[in-house]
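Presented below are the structures under discussion, each in the form of structure tokens.
Common to both upcoming complexes is subunit A, partnered first by subunit B, then by subunit C.
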Partner chain A sequence: MALLIECPNCGSRDVHEFRHGGEISDLSERKGISDSDLELTKYFYFARNNAGDSKEWWYHSFGCRQWFVAYRNTVSDQIRETEWPEKRLDS
Partner chain B sequence: MVSQLFSRQRFWRKQELSSYYDIVIIGGGVHGLSTAYYLAKFDKDLKVAVMDKSYLGAGASGRNTAIIRANYLTPEGIAFMNASLKLYEQLSGELGLNLLFSQIGRLDIGHTESTLFWLRQRSEYNQLMGVESNLITPDEVKAIVPEIDLREGKPFPIMGALHHPPAGVARHDAVVWGYARGADRNGVELHPFTEVIGITKEGRRVTGVDTSKGRVKAGLVVSATAGWTSTIARMIDIDVPILTYPLQAFVTEPLKPMIDTTISSGELHTYIYQTERGELVIGGGVDHYPTYSHKSTLHMLEELATNAIRLLPQLRGAKVLRQWTGICDMTPDYAPIIGPVDGVDNFMLNCGWGTWGFKAAPISGKTTAELILTGKVPELIEPFDLNRFYEGRLINERAAAIAAAIH
Partner chain C sequence: MGRYSQLPRLVPSSRELISRNKMVELKFGRHTVEAFEGDTIASALYGAGFRIFSRGFKYHRARGLLCVSGNCPNCLMKVDGIPNVRACLTRIEQGMKVEHQNAWPTLNRDLFSLIDRLDWALPIGFYYKTMHRPRALWSISSALIRRVAGLGRLDSIASESLPIEYHRFQQTNVAVVGGGPAGLSAALAAANSGVDVTLVDEQSTLGGHLRFENRMRTLGGEESRNVISALSAKVEAHERVQVILDATVIGRYEDNLLGISTPGGLIHLRAQSIIAATGSLEVPLTFERNDLAGVMLGTGIQRLINLYRLKPGQTALVATTNDQGYYTALDLLEAGVRVAAIADTRPEFRSDFDAAVTLKGNGVLVLPGHAIVRAEGTRTVIGGVVAAIEADMPTTKERQFDCDLIAMSGGFQPANYILRQSDVGIGFDSEFDEPVPISSSTAIRPAGDVTGFHNPHVATLQGRLAGLSVAKTLGMQVPVDTISQVEVELRNAETTYRDKVQVRPAPIDSEAGVKQFVCFCEDVTLKDVVQGVGEGFADIQTLKRYSTTTMGPCQGKMCHKRFVEIVSDQTGMSPDEVGSTTARPPIQPVTLGTLAGPGHMAWRRTPIHNRHLIAGAKIIETGGWQRPHSYGDPHDEAKAVRERVGIIDVSTLGKLDVRGLDAGQLLDFVYTHRFSDLRPGRVRYGLMTGDNGTIMDDGTVARLTDDRYYITTSTANVETVEQWFKWWMADRQICAHVTNITAGYCAINVAGPDARATLAKLTDVELEPKKFRYMQVKSGQVGGIPAMLLRIGFVGESGWEIHVPSEYGEEIWNALLTAGEEFGITPFGVEAQRILRLEKMHIIPSQDTDILTTPFDISADWAVKFDKGDFVGSGGLRIAKERGVRDILVGFKMRGSAVPNDGDAVVSESGLPIGRITSARLSPTMGTGFGYARVPVEVGVEGGVIHIRVNGINHLADVTLRPFYDPDGVRLRE
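And then the complex of A and B:
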């Protein structure tokens, strides 16, 4: 799969420059320090792993080293859109 | 009589879908089929159906590299895989089909001190549990694989290996077909090209499945869908700790006999063996991100070929015959998940086979059938319940897969 990923900063680059950072779903949300054991367990180990549309983190590790959000179809492996996260993690 | 030997016989019958089965197994891979086989063997009166959305063996079961071994790391993993290996030793006879099972052994190569330490740890655990497994020197490796590159000063020098003589390979399709035929002969209905599109429920009780050929009621529904398990989980709203990753492999054109064992390097993420036809089978770890796509990549071919040549320089220039991909249900601790799910009745999971499930199929099917028929969890699969993730009992079977080295 000669997938190209559109980095919001660097433009279209080979998928091997990037690291997948996991899905963004109800199971990947963390409230923070108040998480219960159950919530932490789900966060660490469980995933929707959807066959079809997936919103997920990607990291341009061999490029600008920025995290961004991608919308990917996990069956066709096409990335429809990439964007900066609404809220940066450090804000 | 002789003509009978060569007569063309179907391995299984074509069936019309009934409106009720005692047990519906979703997934006609090697785990679904072996579960069906042992269920019917133990209880001939059960009405069992196996449904697959494609042909039997269309998933990873028809795409794997067929390595069978028991030199695992954890007591749970070693006991389970050794029991499976023992069943494989009898399986051609049991199924009345030559599975081409040959115990050509296994070498896990170490290129660094730290890997040797970890291989040593495995050999100690293996021996404690009665599994033949020894740490051997480079010269002993050379005696087994004369073609191996022992030159010093290269980036990945060979410092030793874990030698596991009872390991082997089998014809993976034959195992699928053998279990399918055995199940059919014991009265199991096989329904290829029958997709499960929904699971019917009353309250917390599963009552059957909706298929591409209509609704079917069932006393118990078992999901044996490996890489597709999350799609089944979604139908009944349960959470599973699974990510679907592709695993690729390739074969070269047939060459003269050069190695008669399986060799693997965790550090190079590459394993190699030669088939009876002379093809070199070369595989490695999963792709670097999860996907359901079955496309093979030039990137992986280059990586595997480069590393194969590092181990066996004679492979330089060999022509690639074909390359393929299957999808794998990776669990966080490289161990399977077998058994019921809290909060859902009449439903069972058999999954978490990742890149290591072919070798496990006989014991997985047998123990899953025992669990279903007796309601008691067989000791061998007690550690593999879904609740271990909620209760902090992860297994960490890091010897299950080359993938375990990169995750």
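And then the complex of A and C:
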């Protein structure tokens, strides 16, 4: 696990302060009442689990208690960048 | 039963670790042993004349000290109740209780050693070969094997009184592992360049092997022992260096995290960069009876002589494959031990080899081209036999020597474990006859003996270079000239060393005897390994598992090198092709107590906790809190609530303050219910599911003003719910603020027929049924304190939940008790609450539901509002609705007197399990067992009958879908 994570609010902190919230991918894109059973099932139970670049949710439990987005390489465990989710929605 | 004092030690030396004027006593079994302060358990016992320290794992052969450096299994003992303590690393303390392990009745006469004669019955892989049939015997034989084999026993009573070992989390720029010449030079160079350094060493003093040996008498023209003590002093005094001694690195983990076991507990050290100056380990030779007490590693003997000033024996035979044996012999001579001969596997040695010249000058018999073939003796050494080598094999040209000590050196094995736990590449250097680092990494750099160069001059330069390079990588200004100057010096020193190095691995002759031990931990012999290869286990990884070589407490520190040599010899593969076993942590033995650390659960207490203690409450730990289970008989408490009035401390409820423009929208989205239409001043039950429609949590939602809600969650779930809300806010870009105010508020529920009369005495809020309706929230004063009152069902009586700032908790609690005194007010605990709520069929999420339970499965269809549009769980709930309910949660009431337990089975008429009891209690109101059961929907119908298996007997129970108590909810509205 990466040594330090740059919380957009608190700065770099040890990984123990954070909770990992899973990947953000086409499969994690929320599906609702009007989506097909197949789409919903994929959303509930599947993940890309990409070996390499992964965009993820992280939560700073022992800090500002906010969710943010991190770009992590799942092989090297290096976190390239972190940002607030707003940016994610704009882009 | 005896008293042992120390035999005379050698003349004092500046390097000794003992204080001769301070005596300390320890207990060894039934004996009392007197020794010097600074002695280890091993040196104290050795000095008092003890030679047998343990018994072998399998054959129970007598074993003495081998490495004296904490790297073999031979000195493991039980110390003050802790098993498997390495006696040679543990300094004695007054009154310490030391016991031997794995021998019965005594170390000297271990009856289990009869197994030694049964070696023919214990071939390699005997676990796999002999234990298959008959199957029935396995339980007996395995119990027997466990009794006879293995290491120390855990004393469960003693372990309760062990000191708590804390975990500490630290960070540093550079971690230097190893405090020898390389580590010290590296630490100093890095610290002088401006970075923070943490230096870790397993020993109690700095200096590494130069603490006890004379491999190089001078360094840069000065006595090497003076150079090293000056260096140690500089490092210890340096403001940028933290030195941690008596500390063992047990592993290197991801992103340069080091686990360090210290007497005070485990340190988790994160380092931007690591310098591995971990040194190397001398390893044994393989010959017949090489495990007798008195056969020791040369460096082990040197430690005894130079650190503890022990005279290790009277006459020694030295057997070596490299220069080290000669240095040992020099120390033996200095200690007054007669050296009978030196058997050197190398056919010749350099004429400028000073040590050999000196020894010869002292009349020592040096035998080049000779290998030791056997030791003589039964428990301890009485002699040794060497033979001339021809064509890589010992011949019959043998010579016998009487001796009580055999010093052996089978060469060095680098202590490269943390390197192998990183991405540094390791390859075999055939000139050195050792695996060496062949590629580098910026995260971790090797320096010193671990690189295969056993030369303090080289080590010092490698250390300095590593320290400077690390500082540079970390952004410090390090003059390029300085670095290149050290590089040039180092290259010259390395070349000089390499030109002179001479090693010749010892011959491998499996015919020379059946007691040639390769692995001392697991009692694996040369014959076993050869046989294993013959049986087809030519791959070192599978051969390791089959033979258990390298799998004992030392994790291959003593045997890995020889193991590779044997496999290479038997298969014809080069050592590089043979490879090595995986260096998994822990590198050194570590106790479970160290890993576990102190209790990690921080229990929370409510603001009223002390009142509960004074009232004599029985406290239980639940959902992260310490709460009163009951104050007396929970049934009496429950009755008091139903008949009079009771109060309960519910401060443990999770409390969230949700406000903002979109607060209502947020709640509509995360709950299955609708909340945006809740009028201010009203309260509504809330049920929350995951997006797949399964229940997460429930609680109450009170709307205080248009844009402010006050939410309670179940006790254990508030963190999860808070994160959940915030996650959806972030994901959906909902504008609201969620604050966890659980600790800020104290909550007390007052309930029962006399609740109104009790509370009315304290508050200005009108409590009349018409004025304060069921499911309303109001604020006002209670006992002069600003409070929020929620009128909710909770236990099914008319009642109020009073929320006040935590500081006032005790005061309100006391005020309520006084006000209710005339009505017989009774505090009640979690147990009564459970009974009361169960009678009303209120679920406990995670107790009565599991990860597959949907709201439909608990008949809470009314709480799911599909018409409000999309919400978390709507997709999953739609699928669940279409699929229909399979298992349903229903109430049950026992027909007889049996009371089931939580988790008992509901069975079909033929006795097959079809469901389970999620909650069950004895009802004080009904006088029978009752509760919740999860059963197939066909069975779970009003008026149905189910069979419940209680203690193996099936009992009948009636199914009900309506609350047991006050099914129409009249009382709570009164």
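Here is the rule we use: the second predicted complex is superposed on the first by the 83 of 91 C-alpha atoms of A that agree within 3 Å, B and C clash if a C-alpha of one lies under 4 Å from a C-alpha of the other, contacts with A are read in each partner's own complex, and residues count from 1 in each chain.
The rule is simple: a residue touches a chain if its C-beta (ideal position, glycine included) is under 8 Å from a C-beta of that chain, and two chains touch if they have at least 3 such contacts.
This structure is a prediction, so every number in the text was calculated from the model and none was measured.
Visitor: Counting only touches as set out at the top, which of subunit B and subunit C does A:Y43 meet: first, second, both, neither?
Guide: second
Visitor: Touch check for A:A51: first (subunit B), second (subunit C), both, or neither?
Guide: Only subunit B is touched by A:A51; subunit C is not.
Visitor: Given the touch rule stated above, what does A:R19 touch, subunit B (first), subunit C (second), both, or neither?
Guide: It touches subunit B and subunit C both.
Visitor: Based on the superposed arrangement, let me know which partner A:E29 touches: subunit B (first), subunit C (second), both, or neither?
Guide: So A:E29 meets neither subunit B nor subunit C here.
Visitor: Once the structures are superposed on A, label A:D77 by its partner contacts, choosing first (subunit B), second (subunit C), both or neither.
Guide: Both partners.
Visitor: Between subunit B and subunit C, pick out the one touching the greater number of residues of subunit A.
Guide: C
Visitor: In the superposed view, which residues of subunit A touch subunit B and also subunit C?
Guide: Shared contact residues on subunit A: 1-2, 16, 19, 44, 77.
Visitor: Contact residues on subunit B for subunit A in the complex?
Guide: Where subunit B meets subunit A, its residues are 228, 230-231, 234, 239-244, 288-293, 295, 297-299, 332, 389-390.
Visitor: What does subunit A use to touch subunit B in their complex?
Guide: 1-2, 15-16, 19-20, 27, 38, 41-42, 44-51, 74-77
Visitor: Flag every residue of subunit A that touches subunit C in the complex, lowest number first.
Guide: Counting only subunit A, the residues touching subunit C are 1-3, 14, 16, 19, 21, 30-35, 37, 40, 43-44, 57, 59, 61, 65-68, 77, 85-86, 89.
Visitor: Give every residue of subunit C touching subunit A within the complex, in rising order.
Guide: Residues 169, 171, 254-257, 270, 691-692, 719, 722-723, 726-727, 730-731, 733, 740, 866, 869-870, 874-876, 878-879.
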